[in-house]
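In structure tokens below, several structures.
Presented sequentially are two complexes of chain A, the first with chain B as partner and the second with chain C.
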Partner chain A sequence: MAMATLRREGKRIAAPLISHHPDNPLRSSVTSSEEHEVLGVRSISTQVVRNRMKSVRNIQKITKAMKMVAASKLRAIQTRAENSRGLWQPFIALLGDTPSVDVKKNVIITISSDKGLCGGINSTAVKISRGLHKLNSGPEKESKYVILGEKAKAQLVRDSKKEIELSITELQKNPLNYTQVAVLADDILKNVEFDALRIVYNKFHSVVSFMPTTSTVLSPEVVEREAEAGGKLGELDSYEIEGGETKSEVLQNLSEFQFSCVLFNAVLENACSEQGARMSAMDSSSRNAGDMLDRLTLTYNRTRQASITTELIEIISGASALEG
Partner chain B sequence: MTSNAAVPFWRAAGMTYITYSNLCANLVRQCLKEPYRSEALNREKVHFSISKWAEGKPEKPTIRSDTPE
Partner chain C sequence: MLRRATTRILSHRRHCSTAEALKVTAADDLFMAAWKRTMPNLDPPKTPLSFLQPRPSTASAASIPSKMTINLVSSCSSGLSNKQAHMVIVPATTGQMGILPGHVASISELKPGLLSIYEGNEVTKYFISSGFAFVHSNSVADIIAAEAVPIEQVDPSSVQKGLAEFTQKLSTASTDLEKAEAQIGLDVLSALNSSLSG
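On to the complex of A and B.
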């Protein structure tokens, strides 16, 4: 837009040169430039570009600051996320991961961020959840959503608000910790009925790469059923159980604890991916702001120089006309 | 519960394993010496807001927090 205004102004400056009066060229150019002054066209249109440059520079400052903040938050949370992976790995070794299990009551837990400006991580999580929902819906089956974070809620409300069971926000007000996530996991367990919980989150690989991931937590009854069917879970019988507890008790405790651990890891991984995505998004947006600033400066300077040159030509040609 | 054996006392009280283990963990934290005790207790702060949905409408969110506003 600013370019168009500039171009228009350039034409107006050139106009008096073309329609000059041969008998008194000096006066005509002076009056026409006075007309411009009165209209204020020349001063305003360069000011538009100047204002634009100022606002772009401010935006660039903000995005740079956000990148710095995201980078420092990422460093703090990355080690915690990597350490928390040790929590669920034993469960995978013991119970295996069964994303393809076919059960009646599915609960999809979508993990997203509360804040935006972090690239596409929230929409990938929502997309994967929708896919899982479609995959697990059918006659005699039902899938429900449990949503963590504002952003996925805003996206899922649009088309599947009937299926939302719970939504949780403001999770990241304090630094994430296990107690918090455990209380949350407890609330989820008490409020929904499930055969399988499917947690959808973005697993952190590096600052620029996140994998949308699902973790599946089965209810104790399903674990028992699957164990009888054999496979990885069939090896459960080879473990000796200490104490007076029965196998189903142990399984119930185990699946509850597995859920809280997996959820803890998922929340941390997602927070880590969020900061990473925000960092790279802010990096590219400050780079784009820089490019835009360069272009604007170039047009601004060129127009300024053009108007100076025109004025000089007007003065010189006027003076030489008087001399001659 | 499908088991016929006596359920543990904490499950009879309506707790899940998560609550039980959290209570135990909190007890262990309280056994620490200062300054580690307050450090460990301050680290584990709970705050989130949870709302149930019925008929496609969110109900009033309840805030689970152990820090007074």
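On to the complex of A and C.
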């Protein structure tokens, strides 16, 4: 009879533990420890909770370290991105930006990261690229993708595999510099036919805010066409062209140079956004781990106190049974 | 009454600048409208127009200003911005070109060479590794270069070494591509050499 009372007491103490638990796995493990008690082991085990606490603490340390690494990488690359911002401004001042230009061959260049754990920036870039693709496909128009970075490739290959012309990964293996991007731009220009290039990237505003942006670079033929049509580019004719043999040669060089400058800036900005997004993702992750650790600590204490109480009850009921 | 006053002030602003601002926003609006039609649930992406730093209008001024405004940008740094100068000499592909205030609007391709900016009595020299120079009709000049280094930071001994190296490469080059690469290296280094001395 004493055993039955003990079992009932044990169940009564263990029951509140189970109901307060938000984590399913832990609930099942506490019930399994209760089963152990029924089978013959007396104390409720705190081992399970302790293991879980250890793993959560390790995760917290790892994410904190990743945040520090991302912060230092961000510092290094942020100054370079800000310095490169002046590169594309003169081009826009001269040629204007016409994202709504109507051309037959669009090429959408999506810039993304190679590594994960950087929040939602790659998904937004892919969503915007898909949006641009939808905007620019019609009876006579077509759009193709050129992808920089693994993450966008993984997402776009799922539904637009045929439309991917070129995909380039491991961009950040060596520190980014203009020569590398110029070679890349040369590659793209040689292999892909285009009337308009739309570069989609995340512009770095601050450590917590990244704006998805799209820059448009037109091919020299389209520039000539738009110049005749008027608008901002109409003023282009008033500029005297010096150097080179013909106007079209200089315009072609201009468009290629513009593309490499804009691409350089875009790649740097995206790298900054990636590090910033990773910083904030890892920061929220370590904060969540900290919250989880607090909850687990409470559970651990309750489990520990419950097992002590159980032991005391055993001793006391044993003693009282002996007395009389 | 206040509204009327502000509209009077706004209408006094130069016609050209408002027209330009209108043209700028019109391009964006077309894009925004098209985006909203096809993708109502997603925010449209920003375009560089929203990040453009304000610039003086490129419509020609009534009179020629006394000084030019120079912006020099390169891939490593925005070298100069809104620097006032009397004259600037750029190494265009057609030769050294001098630009004074009131120069006709032009786009010129640059070859590797020395860029000198004359401000009163002082001269600032930069070595440019090719790029473009835009001169706008309001005497604002934009010089965009892949690399722009102040001439003081160039080391003469390494220039000589590089010259020797590329001359040797040119003589041993077999394919057209190698020849072209060696020739480019030689061009840049000889320009660097002459700008160091000249």
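As a convention for this text, the second predicted complex is superposed on the first by the 275 of 324 C-alpha atoms of A that agree within 3 Å, B and C clash if a C-alpha of one lies under 4 Å from a C-alpha of the other, contacts with A are read in each partner's own complex, and residues count from 1 in each chain.
We adopt the following convention: contacts are C-beta pairs under 8 Å (C-beta built on N, C-alpha and C of every residue); 3 or more make two chains touch, one makes a residue touch a chain.
Remember, it's a predicted structure, so these values are computed and weren't measured experimentally.
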In the superposed arrangement, which partner chain does A:97 touch: chain B (first), chain C (second), both, or neither?
second
Answer with first, second, both or neither: which of chain B and chain C does A:200 touch in the superposed model?
second
Touching A:174, do we find chain B (first), chain C (second), both, or neither?
first
Thinking of the overlay built on chain A, is A:164 touched by chain B (first), by chain C (second), by both, or by neither?
first
Applying the touch criterion given at the start, work out whether A:186 contacts chain B, chain C, both or neither, answering first, second, both or neither.
first
With the two structures laid over each other on chain A, which partner does A:89 touch: chain B (first), chain C (second), both, or neither?
second
Chain B or chain C, by number of chain A residues touched
C
For A:221, select first, second, both or neither according to whether it touches chain B, chain C, the two together, or no partner.
first
When the two structures are overlaid on chain A, which partner does A:256 contact: first (chain B), second (chain C), both, or neither?
first
Same chain A residues contacting chain B and chain C, which ones?
177-178, 182, 244, 253, 257
Could you pull out which chain B residues touch chain A in their complex?
1-5, 7-8, 16-19, 21-22, 25-26, 43-53, 55-58, 61, 63-64, 67
Residues of chain C defined as touching chain A within the complex:
20, 23-24, 27-28, 30-31, 34-35, 38-39, 42-43, 45-49, 51-53, 55, 58, 71, 73-78, 81, 92-94, 97, 104-110, 131-132, 134, 136-137, 142, 144, 146-147
Contact residues on chain A for chain C in the complex?
80, 83-94, 96-100, 127-128, 131-132, 134-135, 177-178, 182, 200, 203, 211-216, 231-232, 235, 238-244, 250, 253-254, 257, 261, 264
Under the definition above, what is the set of chain A residues touching chain B in their complex?
161-162, 164-171, 173-175, 177-180, 182-187, 189-191, 221, 244-246, 248-249, 252-253, 256-257, 259-260
